[in-house]
Amino acid sequence: MSGRVQQFREFREKMNQRILDQKHLPINRFFTLDTKAYEDGALDAMTKEFAGLSASMVLRCDDCISYHVVRCKELGATDEQLFEIFNVSLVAGGSIVIPHLRRAVELLDELNASDATS
Amino acid sequence: MSGRVQQFREFREKMNQRILDQKHLPINRFFTLDTKAYEDGALDAMTKEFAGLSASMVLRCDDCISYHVVRCKELGATDEQLFEIFNVSLVAGGSIVIPHLRRAVELLDELNASDATS
Amino acid sequence: MSGRVQQFREFREKMNQRILDQKHLPINRFFTLDTKAYEDGALDAMTKEFAGLSASMVLRCDDCISYHVVRCKELGATDEQLFEIFNVSLVAGGSIVIPHLRRAVELLDELNASDATS
Amino acid sequence: MSGRVQQFREFREKMNQRILDQKHLPINRFFTLDTKAYEDGALDAMTKEFAGLSASMVLRCDDCISYHVVRCKELGATDEQLFEIFNVSLVAGGSIVIPHLRRAVELLDELNASDATS
Amino acid sequence: MSGRVQQFREFREKMNQRILDQKHLPINRFFTLDTKAYEDGALDAMTKEFAGLSASMVLRCDDCISYHVVRCKELGATDEQLFEIFNVSLVAGGSIVIPHLRRAVELLDELNASDATS
Amino acid sequence: MSGRVQQFREFREKMNQRILDQKHLPINRFFTLDTKAYEDGALDAMTKEFAGLSASMVLRCDDCISYHVVRCKELGATDEQLFEIFNVSLVAGGSIVIPHLRRAVELLDELNASDATS
């Protein structure tokens, strides 16, 4: 796995654990709701990840975008499908989404290169 | 069709036509890109409408939400599926999404009542 | 109570009940977290309502602002205190907050007039 | 002048006066800074109004958009110039700007009709 | 004091001074309004800092969050109180606040470690 | 040219090319609309860049701000004119714009220093 993805995951996991260890019950419940929102249900997990990705792109949250791109890839999304969501997000959110799109595509290329060498 | 949905559609169509009639070519091209973003492609139209709906909800645009709810229903989305997208949007965008969720559910109920009597 | 406040509360309560009746468990849990976030704890309810009010103002959500203004008044906040929060929100969020400030002050005046005649 | 523009101006002026009468000095100073930001300086007032209009459109504040459209027209902006700013705002802010664009064009048409009959 | 906090403060102070030295009077007045908004008044400084912190979190401005966390600590806020504001912000602003929450908690831990060794 | 500006341009150009090479036609058309929005027309390019800069500042997109500051300088904008747009953006968007203003002024100083030594 690429260094950037690895670094993002490690900081994310370390701080999530730190926050959960604070035992602020409502915050911990929020984290659970956040995780469960993307599980299979009346819609499959992939469709919900696509929805989460477009929400993250128009809100321009790089960490959220990274997380959902990784999850979409893990669930088997193709580059063509991801670019469709990138396009929906770009049209809905405007050119201010472009800097985040650049970083999302850079991450996607890293993930693909990592898959190819693993 | 309910009065509210009808009124929204009429204003939308009247003003879209007015804007297109201005013949500002780049704006007209943007409108075309917006329409085409939700057509079948590497992802089916419904998945893209769900992504557009979640983007609209977290950006809290009532007119956009109304448009995508109507389109999702036209494409055959069930209430259970729509509530899954509502949930993703609520968790991603927070409680400030709730006022828009109220209006989205009110619209959904109007659309369902309209279907039942048509 | 003034007509506007009454109308807002009735729609809010009707649609909240409608949404809870859908029995989408994660959404219902989110509503519970939202309610509980403003209860007395390590900070008193009023301080948390002030924080919720400033969050609502900079995010420019009229319904959220109305709700928190009503709650602040119920908890005994003075106009002078509310204008302090209005000022923090205005400076943090900029002049785009002003249209929402106008409606917040109109609501505050209605609440005060209503108190005076009850 | 059209009813909608008149109604907007009256509420705006009434509530601005109400807020200033509260004599919360920092808020009053903020209002002064807001007014002065659009006066002739190193840039002429029209250029600054165009910048204020695009800021208002991408932040999707209808009242702010209305105010700046009225001001641009008072300063002599043509429809062609305003549609250029609408286009910049649409591309920068995305399709979620469209509902606000519809209302901005409706207002512009009202202002033009009002000019023609005055 | 930790390196990260120190670096943030130094850049902040250097650039604030640079901006003030430009002698653009309205910008300098805005900076004064921003500073004064958080001073003791009808509400104490801490309550206003909490309101500024929640506004900063839902608007997802890391530098603003850092500034208000530092100020809250200086004024004597406990971790329990700060997590209450984190929770209000998380519920109001949604899971897109989480990346900023991670960095806020990391900063808080640095500030606490710094206090313990000073 | 300074290292920071150079690095930003190189990543921007590399990733723009990568995205265009994906040959997702609607995304490529969007990029064209984005470029063309700022060309001379009913308004001159500079006025449109100022509008794009204020939009970027209130939406708090550092890469967009950098791009428009560079373009404004290339078109001959003076520091006094840029500070006028900074002020409009600061008043419209609030103190959360300040961290982006700091970085914009740092970039402006780098561009000016680079001009002086070239």
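Labels A, B, C, D, E and F are assigned to the chains in the order they are written; within every chain, residues are numbered from 1.
Here is the rule we use: contacts are C-beta pairs under 8 Å (C-beta built on N, C-alpha and C of every residue); 3 or more make two chains touch, one makes a residue touch a chain.
Everything quoted here is computed from the prediction, not taken from an experiment.
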Worksheet item: What chains touch chain B and also chain C?
Response: A, D, E, F
Worksheet item: Equivalent interface to B-C, which of B-D, A-B or D-E, with over half of contact pairs matching by residue number?
Response: B-D
Discussion item. I want to confirm something about chain B and chain D. Since they are copies of the same sequence, is their interface symmetric in residue numbering (over half shared, so same) or not (under half, so different)?
Written reply: different
Practice prompt. Round to the nearest whole Å and give the separation of the Cα centres of chain A and chain F.
Written response: 27
Item to complete: Round to the nearest whole Å and give the separation of the Cα centres of chain B and chain E.
Response: 37
Response to the item:
Between chain D and chain F, the Cα-mean centres are separated in Å by 23
Response to the item:
Where chain D touches two or more other chains at once, the residues are 26, 30, 33-34, 37, 55-56, 58-59, 64, 83-84, 87, 90-93, 95-96
Worksheet item: So what shape is it, when you link every pair of chains that touch: line, ring, star, complete or other?
Response: complete
Worksheet, complete the sentence: Interface with chain A, chain F side, in the complex: residues 11-12, 15-16, 18-19, 22, 24, 26-27, 30-31, 34, 55-56, 59, 61-64
Discussion item. Using the touch definition from the top, list the residues of chain D that touch chain E in their complex.
Written reply: 26, 29-30, 33, 36-37
Worksheet entry | chain E-touching residues of chain B, taken from the complex the two chains share | 58, 90-97
Worksheet entry | List of chain B residues in touch with chain A within their complex | 33-34, 37-38, 41-43, 47-48, 50-59, 64, 78, 80-81, 83-85, 87-89, 91-93
Practice prompt. Enumerate the contact residues on chain E facing chain A in the complex.
Written response: 60, 79, 83-84, 86-87, 90-91, 95-96, 98-99, 101-103, 105-106, 109
